[in-house]
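Two complexes come next, and they have one chain in common, subunit A, joined by subunit B in the first and subunit C in the second.
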Partner chain A sequence: MTNLKGFSRRGVLKGGLAGILATGVSPLIFSKGAYAQEFCNAPTGDTVTLGFVMPLTGAYADEGADQQRAFLLAVEHLNGEGDGGMIPTFSSKTLTGGGILGKKVVYVTGDDQTKPDAGRDTARRMIERDGAVMISGASSSGVAIAEQALCQEKGIIYMAGLTHSNDTTGKDKKRFGFRHFFNAYQSGIALGPILGDAYGKDRVAYHLTADYTWGWTQEESMIAATEALGWKTLPPVRTPVNAGDFSQYLTPVLNSGADVLVLNHYGFDGVNSITQAMQFGMRDKQVNGKDFQIVLPLVSDLMAKGAGEAIRGVYGTANWDWQLGDEASKAFTKSFGAKYGQPPSQIAQTSYAQVLLYADACERAGTFLPSAVIKALEDYEFDGLGNGPTTYRGSDHQCFKEVYAVKGKDAPANPFDLLEVVATASKESVTYDPAIFGGELGPDTAAAC
Partner chain B sequence: MTLFALSRRDLAVFAVFAVVVLAMPFWLQPLGAAYPALMQKFVISAIFAIGFNILFGLTGYLSFGHAAFLGVGSYTAVWSFKLLTMDAIPAIFFAVLVSGLFALVIGYLSLRRSGIYFSILTLAFAQMCYNLAYSVLTPITNGETSLQLTLSDPRLIDTALAPRPAGLPSASLFGHSFSGLEGFYFCAVVLLIAFFVTQKIFASPFGMMLRAIKSNQTRMTYTGFNTRPYTLTAFVISGMFAGLAGALFAITDPLAGTERMQWTASGEVVLMTILGGVGTLIGPVIGAWFIEYFENIFSAFNESVVHAFFSFLPAEIADPVALVASKFVGEGWQLTLGLLFVLVVVFLPGGIMEGVRRIGSLFGRRGTPVSPGAARAQPAE
Partner chain C sequence: MDAILAQLLNGLDKGGAYALIALGLTLVFGTLGVVNFAHGALFMLGAFCAVTLRQLITLETVVIDPEQLSAWGSPLEIRTPLAQTWFGDFGAVLVDYSVPLSIVLAIPTMLLIGIAMERGIIKHFYKRPHAEQILVTFGLAIVLQEVVKAIFGPNPISQPIPSAVRGAFDVGAMLGLAPGALTYPMWRLIYFLFSLGIIGAVFAFLRFTTFGMVVRAGMADRETVGLLGINIDRRFTIMFGIAAVVAGLAGVMYTPLLPPNYHQGMDFLVLSFVVVVVGGMGSLPGAVAAGFLLGILQSFASMSEVKQIIPGIDQIIIYLIAVVILLVRPRGLMGRRGMMES
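Up next is the complex of A and B:
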């Protein structure tokens, strides 16, 4: 075993050292030049690469598929193909269909599996291998927060997709991260009065909550909003994401003394839990002398489609709805419908808007340099992207715009006519003090690339 | 100095292995995989797999819960970053220590049974750890949201030595922060050390004892050996390797998520080992690289890439071909992997290493009379 004929330890060490020098250090020397650019992934050729990370598998896969449609449509419109969608209605007129700053937009896509680890991996690949200068996507706040932190570390702009947790632009906000979508706190403001009018001031709520940052903060915001009405809250129950079967969590609800069930679930989870609650016959029951009710605080067309009849008459909130009457929404719905044969959902609108907002910020800044793009986006006022006049607040990178309270339609006129807007919370009413959530944005420079 | 001595054959294997690992940034270039994040995963998964192979390959005990130790290692390392310092050494030290303790407890209980019962016990314990991390211990693990660094972390040692930097820090070694490629080389050196340790274990009397346990444990007991201390030691060593891999994951990307502990992750390392070749030194490493490559490169192909690939065909043929092929890439990459796995298990039960050996014996210079693969087929199994 210890026969070292022909190999002295010194010889091996020498050889090994030479090997390490030859293989280990030289790549560092080579790559030094590649990394010695003005900023991370500065586009040098005649194209600019954007990275889109979406949940193509997992609990939010439906949302991810629609998100992908929106991203591809946005790229088309930026490159001057198609009818231009919301570019003509957008208040900023810098986008002319010639790409971004004269460079043609190309893109890479990837799956985040609705998991933070996997999403971050995919985003890293896009930054390190594909040279993406901006990352956008996610339909889960857990994923969005993980990717946002990575982008902060790498110095890449992150335009969040659908993320509704208060933490994304609260406790976990980042200088390089921007969110167009609304948040759970704003849902509470928009939904509270509606619930009070519809169900009265004397209710007992039972919360089933997706067990991660979004569920936690939505539960907190909904409890705050409903307790302000005078409702009581039973101890909330946390459920795992992608649980599939929620019957074990639903069984205790009817005997708990609660007369409202609040489902802090999204995607397939929301579809499954509300459908199963329906199968349990919950909405036909009477508790405490009142009709039992179900609330789905964050609801999308895709979920409404999945839940079918179960969604009828259920209240929730949405960032946007394709049936809104303004010019921008009409133009976007027309463009999206012509390409894909179905109306866009809220995730499509927010993702599309984010890509346009990034492109416009680069145009206005005249560069892809992240610190300049960040400055162009901070406290930026715009209109014509479907939500009316909107402000990108500089202190937490949250967009402030109208929030819509919606209700599952009782008698849908067609297969896409699933939700109706019952109330609009004004931009002023959903504006809050950024200090209530804490957090720090951090610097607009990054050490590593 | 026999402690660092290797047999001539092992030394040659080690030298070749070292060159292959350290030259990754070059030979992975044409494969589209030469970016730091993936190369880091290559070497870290390799550590995980060779550690798993110490238990499964040598003793034959199939653990279905090794991801638990990986996760424990990651969480410990991130907490070491949060509380103490961004330096990699303490993170590795605590991660290996804590995962070793976990392995000691779980191994002590699980090793009372063997065969399928042992596998189920480890799976149960791992699932318990996963659920604890997911929902019960969320103050420590942050559940599904994943544990991350924040600007307000105490980092007691770092803040005592230097003022707080603006922005999030990254992992460092003696005050030098890792860039992507440096992070890879750090992990690569750790892999070489781990590989060396494995070679020593394989060649040691202890390794021989473990092989004997695999071959016939009852016979071992009759000859007067108490086998349990040996299997427990193998289990703990293997758990520590997993913890080391977990720590390295956290060092290269300071985030620890629960899915790292899920049973699918435990299953993946079993796949890696079987695909590469159980009980061989190099096999698990090759299996790990194979699976990581598929997971990261194949899953990134979208339909437009497939269409571009088949664009040399006329459109009426290319479209259906691309349609079928696109089901096997992108989100469908696991379909391809499953197919390959079935093929390997059916035609090459010894994994990729057996394939290599068969090809080797075809062109054999000396014509090895009995391949090591055949020698491993023990009648007692």
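Up next is the complex of A and C:
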């Protein structure tokens, strides 16, 4: 063994350590692990996990099933499988089919049962056990708001699914939460003029309203829009979510003096209430010398399919329709139809778009770090995802884009040809001052993972 | 006045369903002394008899035509219903009337399910405490609903009203009111009349047949009837089957009003237990009367005028009545003296 004079083993170790510290190498050595852990569920391997929470049971289960199809399709396209869907039409060209930031996208799914507590529990499990770096989903605003609040606490990006309450990006908005779907206020702006033209300015409306945040804000927005036309509103009646049989709430409508019934119901509730209203013969009645009308302010293809003939001629609004003629919508519909044998619904489009928008934001930010992803999404302008030019407003994380007034088709050409777009409200016309709904986004740092 | 009459009609229609389920529940409790928490599941199974029959008679042949494209550009699937291919116009009538036709399927199916349930599981719990009966029947209900969920999926499956009886009937015109003043969905009126018919048939069976007389005697004093050499257990087993049929038929005819799902039985179970408690445990007339009474009260509580005074009353009225009854008259409206009062 060579004996180097003046060097002892202890001395070498001490000196080496001192040298490392002095030259500033130590931060590079230790920061690799530290950097990986500086935000919640930072991806460390060659995969990145996304968490998808959907209502697979409960009042909105039909929507949840379509949402799941869209999420899986989005993951497939991000990983370079299939025909790419809307990736080629998306204005941002960062997505190349190589996953996100070179990591293959994997996912976990869960059922929120259309209940806020179940949705929150499922999302928590995905964050704490499955290591999801982003949560997306919900087709109920109650669920979305609960999950969004959890994600704010945990420092996880939340890309909301179908949530239409003004509160999601209003009083309950969060820095970590983003909504692509439109809201009830925008429905009122889009639908008001159509209702005025179709049914006149002298109407009496009766509202049946789902008794939770979405129903309340839609009722408020529709009353504001229709009273601006000159309509009168009878005291609204709140109905429980998943009520099933609405007959006891529909019976009083017949003798109330109302000549328009506004159903602030969604999913199976909307299908049941409009079908049962038809069973009561409401559309055949004459009240105040006018034909009785029914309005379903938020309507989807899935609801139209469930309601069958009851939806014909009924006005509502939608975030998107598969029969829109733009290239992005056509590409998405083709891709979805080829895989699942049916066209996508509006919840599928918004969910798919949200996954792509998150992936793109990570690519543009060059990291999964939530604060950087948030910055990349705020005030981001994009196109090519089916709704025309769109802005993710930074002050409330609400997307601003076209909103569509739709009507149940009288003579469908095929089993999926159920709604027709009768008017398009421009992005500018549905843009509003974020201050009207209050709320605070909060910090872009998490309290705890 | 028209509004009150309409709400009363709605209460009777809702009450019909409650009364039918509570009647079966009371039959089981009165004969076998078993608190059957799987009774709601029998209602659900009946509803899925209608779903099954419709799925069978609407089976389609699917041919993919590569020459034609669907609206989204895929090869077109051409679907042809088998019933119409085989039976022509009669096939279309079968499809249209699938719900009432399901009664033919539901009666033997539910009778067999009821008897198998009683012989296979419930008979082993006759002498066990009510708590154990509740646990085993509740577990059975969960098993049944999970089986249905596995076969039919979690989502409701809508069933159509036959085209001849869709829309509303002008009840007001029959009562001398102005035309259109009081209209009500025809199928709901049919359901109400159907429930009255079933209730009447059960009461007539118990009242006017020898079998029914023996069952009533057994309900009053099981041991003495047994000592007379009558196999009362076999008759009670058949009564369990009949209770299952009553619940099943209630479920079949309810399908056009509310698309059935696997969880439907649980939704009705709690309500029907409250109905039985209010009517009086073991009292058949009490179950029927309480069913209609609670249906009517729930309907009136849903009126906007009432909800404005007490918000949410429509959700709690039935339970509120149950609390009051339990405090003031624990044996229920028509229960036997001493029942639940010791």
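The working rule: the second predicted complex is superposed on the first by the 413 of 449 C-alpha atoms of A that agree within 3 Å, B and C clash if a C-alpha of one lies under 4 Å from a C-alpha of the other, contacts with A are read in each partner's own complex, and residues count from 1 in each chain.
One rule holds for everything that comes next: contacts are C-beta pairs under 8 Å (C-beta built on N, C-alpha and C of every residue); 3 or more make two chains touch, one makes a residue touch a chain.
Just so you know, these numbers come straight off a predicted model, no measurement behind them.
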- In the overlay, answer first, second, both or neither for which of subunit B and subunit C A:279 touches. second
- Query: Once the shared chain is lined up, is A:185 touching subunit B (first), subunit C (second), both, or neither of them?
  - Reply: neither
- Query: First (subunit B), second (subunit C), both or neither: which does A:110 touch?
  - Reply: first
- Task: Considering only the touch criterion stated at the top, classify A:254 as touching first (subunit B), second (subunit C), both, or neither.
- Result: second
- Is subunit A touched at more residues by subunit B or by subunit C? B
- Figure out whether A:57 sits in contact with subunit B (first) or subunit C (second), or with both, or with neither. both
- Message: Applying the document's definition of touch, where does A:382 land relative to subunit B and subunit C: first, second, both, or neither?
- Response: neither
- Query: Should A:240 be classified as contacting the first partner (subunit B), the second (subunit C), both, or neither?
  - Reply: both
- Message: Show me the subunit A residues, by the header's touch rule, that subunit B contacts in one structure and subunit C contacts in the other.
- Response: 56-57, 238, 240
- Message: Give the list of subunit B residues in touch with subunit A in this complex.
- Response: 1-2, 4-5, 7-8, 11, 15, 18-19, 22-23, 25-26, 32, 34-38, 41, 134-135, 138, 143-146, 148-152, 166-168, 170, 177, 179-182, 185, 203, 253, 255, 257, 259-260, 296, 299-300, 302, 330-331
- In the complex formed with subunit A, which residues of subunit C make contact? 2-3, 6-7, 9-11, 13-14, 70-74, 77, 154-156, 158, 161, 166-168, 180-181, 183-185, 187-188, 257-259, 263, 267, 298-299, 302-304, 307-308, 311, 314-315
- Message: Quick check: in the complex, which residue numbers of subunit A touch subunit B?
- Response: 1-7, 9, 12, 15-16, 19-20, 23-24, 27-28, 31, 35, 56-57, 108-111, 115-118, 120-122, 124-125, 128-129, 141-142, 145-146, 149-150, 152-153, 172, 210-213, 238, 240-241, 440, 442-443, 445-449
- Query: subunit C touches which residues of subunit A in the complex?
  - Reply: 56-57, 61-62, 65, 234-238, 240, 244-245, 247-249, 251-252, 254-256, 268, 271-272, 275-276, 279-281, 284-286, 306, 308, 322-323, 333-334, 336-338, 341, 343, 413-414, 416-417
